[in-house]
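Both of the next two complexes hold chain A, though its partner changes from chain B to chain C.
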Partner chain A sequence: MDAFQNLGFWRTLLVTVVLSALPLVFILLYALVTIYLEMKVAAHVQDRLAYMRTGWHGVLQPIADFIKLLQKEDIISVAADRKLFILAPYIVFMGTYGAYAAIPFSSIFIGAQIDLGAFFIVAISSLVVVGILMAGWASNNKWSIFGAVRSVAQMVSYEIPTVLAILVGVMITGSLNLQEVTKFQAGGIQDWVIFGGPLPLLQKLLITPFTVITFLILFVASLAEVNRTPFDLPEAESELVQGFFTEYSGMRWALFYVAEYANMFLVSAVAVAYFLGGWGSPFGETLSGPVLGFFWFVLKGMVLVFLQIWLRWTLPRLRVDQLMYTAWKVLVPFLFVCIVAIGLILVL
Partner chain B sequence: MIETKSLPTQYASQPGPVQTSSGKTLRTDEMIINMGPQHPSTHGVLRLEIVVEGEIIIDVIPHIGYLHRCFEKHAEHMTNYQQVIPYCDRLDYCAAINDEHSYVLAVERMLKIELPERVEYIRVVMAELQRIASHLIAVGTFGIDAGAFTPFLYAFHDRELILDLFEMTCGARLLYNYFWIGGLSHDIPPQFVDKAKQFCTYFRPRIKEFNDLLTYNEIFVKRTANVGVLPKDVALNYASSGPMLRGSGINWDLRRDDPYSVYHKLQWEPQIGKGEMGTVGDVWDRHIVRMREMEVSLSIIEQALAALPEGNVQAAIPKRIRPDAGEVYARTETPRGELGFYVISDGSGTPFRVKARAPAFVNLSVLPAISRGCMIADLVLIAGSVDIVLGQVDR
Partner chain C sequence: MSAARIYFNNIWLALSTIAIGMRITFKHLFVRNVTTQYPDVKRKMPERARNRLYVNMDDCIGCDQCAMACPVDCITIETIKSTPDVDLGTTSTGQKKRLYVPVFDIDIAKCCYCGLCVPPCPTDCIVMTDVYEFSEFDRHNLIYNFSVMTQQDVDVARGKLKKAEEEAAAKKAAAAAAAAAAKAAAAQAPPPQAAPPAPSAGAPPQPPAPPAADSPDQAGKPS
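Here is the complex of A and B:
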């Protein structure tokens, strides 16, 4: 942000607004694509076709859905807490959108070059929990409260393994700045942290099993962070109707929806930046560059998003106590082992 | 006043009443929730009034009657015995053939008529096809209850093929009116036997695929094993029947124990729950019983098709059916259990009284007894494993 110092107030404001609008544009475009992808993947997993009528293979359907949601009547139940009810979706969206500031989309584009980037992302995306609790409480619906309480318990629990897994990445790369982290792995696929990073061969061989496990745990924990199957308890359709957004409709509902999809890419982006080389090309110098960097970053992120979708349409759902068991008695102890082992190998 | 039930130890937190300073006992954490009648997993318009402390269920009170259509009164006001059959279809709309079977069996026993062999064989084939279709709905929606959406569509895809067979035979896909008193409405079309055999060969590997996808899935087993255990004595005391009863390890199947049609001429064994993944009589056992019964049904269909004799599909019966005054109770093994029709005749052309003993209704009555102390997520699974059809519960 040093470049802004000579610009004067209004120009700075203008540049800031334009720059911060870029992730928003990305989120909206991405949400349209992913909603389409989700429906199509689900359909093909289930041996059917999904939308085929709106445009070629139904590509315009997400836009049609969006227009429909814009037109829908905005319903707020009489017994709801109006202020909180209206505020909640914005807070949820804000938490997700804010975190995009520190995502390194390419070597020349990152919203805010913060040295504590990873820390910032973890911290600000916790704001989502507040919004969800507000939504559940303000709806004044018993199912919503159940969904909200489940969601808070789940997201707070799963933040621990997520943060611990990121910590492993920090230990290896030595930085919390996601741009630095990415540059650290710039040498191509063999230098990615999931394969031990650019270390001497012996260390690399020793460290790789632990980094792979850590990456898998990060992926599992991130599924829970974004409430996806098999951890979709907060909105467990067959139990809690729609969970915390049962009472929402129209654009407010759509905001939750977009925030959920944006969150899916967010957790994938963190995993990509720390473990899969960020915007770095898998072939080292070949096919790298700012624009291709953006391509690689989005591609890697979308692969993880695709995996999330795939799992959602395959697996059943865990029960609340099993969910907590998985977080505290499986993921966290394994991560502690990984951290200790990786620490020892790095010191050697 | 609801008694606090002792809770299983598998849940760490034990909610309990709070003593106030004035010595009163307050149940601070209790909440009453209405699950249904519009809820995704009550399988129709069932309303469960549940008392919960946190996520743990203290009591469940099923409220029924949202789909009451006065079936029994209607049956008394028809102009003849035949006209009751379409109403029987609408009891258990997932297994209409089996409903018809019970009713026509009752009337035929009153009339004391002999049916042609061919009729009995076709009836067995149809009843077993319908059993597979019904079990497919049961296990498919059970997957949704557990959070897995995809098995449901796999199940419905295969059910579609069975419905095609029915459509080919009698034109209807859901409510058939195919079994008539003294026979069938039509003979099966010429290509039916081949198509049905093709279906059997196609469907066997699909059962295995379904098992791989859902039944033996680690998460699914964790969710269903040791949940909603229905012990043998409770199952008997509540007069459960069908997969509910067999899931609890009781070897009782009306097709074998109170033989009707030609089941006694075919080789097959009833399937019972063995507690492979947990306790005998848990939700998983009920599920696996349904899965295995589908395989048994396939084998029955294949045997019946192989032995299908030629002949007439309608016995010689009087044009106006007037059974002698008297009463009869006839029961068959439907996908949900023992469906019995108690028919009283006063010697006129319309039944004096038709009482249906609906297995879904009887099985539902055991729900509160087996779901106290479990979680909301478990209640959804238990209700799914009972496999109720509200059309039959409310009649």
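Here is the complex of A and C:
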């Protein structure tokens, strides 16, 4: 905000609004691309073709879908709790979008330079849980409430491995500010935290197995955080129709959908910032710069998003007890071991 | 196995099987897909596929056998006898055509695609093709008229037949009259004892004899 000091109140406000709308533009474009990618990956995994008729290989289909959703009837069932029902999608989207404020897209672009960035992201994305419970409860529908309850149980449990895994990153990089974290790993691929960060060689060799495990756990836990397969119990289309947003239609439904996809990129972005060098080029100084930095950041994020999609079309859904087992008896103990080991190695 | 070994074994099993599954799905990303882009690309139907019926009217002799074989009565055939002076030609199988076919309708909406009409045809003129895209908005468009005769042709054919029949009837009447005259002449010689017997009292009157054919165009079969 230092740059805006001489602009006066109204101009500052204008600049702020424009700049805060940039991630929104990014999210919408990214959602179009990712929905297309998801459908294509889903189809080709099953030896099918997916969209073929709207534009070249159906590239315009997400846009057509979006236009269709815009003009769909907005249905609110009579028995629903009207106020909560209307409010829920906004809260879900707000929780997701708020977290984008602390995501460093490039060396020159980050929504807010918060020193508690990672903490802020974890805290504000918990708002999504509130929105989902709200949606499920307000729908007054058994499927929705089942979905919402499952979602809350799942997201609250998986918040713990997520936070612990981020804690490992914080221990190594020594910062919660994602911009600082990224600068810490600026030296290229060998300096990324997943490979031990810029430490002396001996420490690096000792620490690498633990950081790799931590990264894997962060990825698994973040899958559960965003309700993706194999942890898509809240939506579970074969059992719960569409879980907590069964009753939604039109633009409200689209808002949930966009929030879901935005969340996928969000968790990937956090993982990229802490473990894969953020916007830093994998070749150190070469090919780095603000614009290329944005490119690297999005590329790394999209690789993780692709991994999520790939996993979705490979794995079946877990049972609720298996889900809890995975969180509490596997991920958390492993992370405790990792934290202790990494702490000891860092003290060395 | 101890509990700890089971625990680690389970984790290892989960990770390794996920890796196997992901390898398989990744391979399938590059496998040639099996989709046929239907309206653009059409699969070839099997050789003996039974779809839309087609009648080659050049070969039809109006024998009505397909209509009789049809289990759902979706084929309607009407015929007109030709007079000896016209030559309707022969079919591609060498059979002589003796009947005009003014009506040959197939209601394809009723058709059950059993194919039973095809084998009886003596000239192989009714066949099942591999065309299967013939949806219509109006049901009446599904009644296919195969006859190639115009109304004028039909009138001409009818007129000719009528004339021929009248001539034949006149001839017959003349012949009958001549025969009756001859008979009467012969009957003149013996005494008139063979007068028609008087109708018995209780017998009902005889119904009039039915005409030889109800209408000329209903006389379906060839001799």
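Assume the second predicted complex is superposed on the first by the 348 of 348 C-alpha atoms of A that agree within 3 Å, B and C clash if a C-alpha of one lies under 4 Å from a C-alpha of the other, contacts with A are read in each partner's own complex, and residues count from 1 in each chain.
Criterion: a residue touches a chain if its C-beta (ideal position, glycine included) is under 8 Å from a C-beta of that chain, and two chains touch if they have at least 3 such contacts.
Just so it is clear, the structure is predicted and the values come from calculations on it, not from any experiment.
Asks: Following superposition onto chain A, is the placement of chain B relative to chain C best described as a clash or a fit?
Replies: fit
Asks: In the overlay, answer first, second, both or neither for which of chain B and chain C A:R11 touches.
Replies: Neither partner.
Asks: For A:K83, decide between first (touching chain B), second (touching chain C), both and neither.
Replies: In the superposed model, A:K83 contacts neither chain B nor chain C.
Asks: Now for A:W310: first (chain B), second (chain C), both, or neither, which partner does it touch?
Replies: After superposition on chain A, A:W310 lies in contact with chain C alone.
Asks: May I ask you to decide whether A:K68 touches chain B, chain C, both, or neither, giving the answer as first, second, both or neither?
Replies: After superposition on chain A, A:K68 lies in contact with neither partner.
Asks: Is A:M52 touching anything from chain B or chain C once the two structures are fitted on A? First, second, both or neither.
Replies: A:M52 contacts chain C only, not chain B.
Asks: Now for A:L318: first (chain B), second (chain C), both, or neither, which partner does it touch?
Replies: first
Asks: Name the contact category of A:V41: first (chain B only), second (chain C only), both, or neither.
Replies: In the superposed model, A:V41 contacts chain C only, not chain B.
Asks: Just checking: does A:V330 make contact with chain B only, chain C only, both, or neither of them? Give me first, second, both or neither.
Replies: Once the two structures are laid over each other on A, A:V330 reaches chain C alone.
Asks: Please work out how little space separates the C-alpha atoms of chain B and chain C at their nearest point after superposition, in whole Å.
Replies: 5
Asks: Return the residues of chain A at which the contacts from chain B and from chain C coincide.
Replies: Touching chain B and chain C on chain A: residues 45-48, 313-315.
Asks: Report the residues of chain C in contact with chain A in the complex, numbered from low to high.
Replies: Contact set of chain C toward chain A: 7, 11, 18, 21-22, 24-26, 28-35, 37.
Asks: Under the definition above, what is the set of chain A residues touching chain B in their complex?
Replies: Residues 42, 45-48, 142-143, 146, 229-230, 232-233, 236-241, 313-322 of chain A touch chain B in their complex.
Asks: Going by the contact rule at the top, pick out the chain B residues touching chain A in the complex.
Replies: Going by the criterion above, the answer is residues 10-12, 31, 33, 39-41, 55, 143-150, 153-154, 157, 213-214, 217, 219-220, 222-223, 375-378, 380.
Asks: Which of the residues in chain A end up touching chain C in this complex?
Replies: Residues 41, 43-49, 52, 310-311, 313-315, 329-330.
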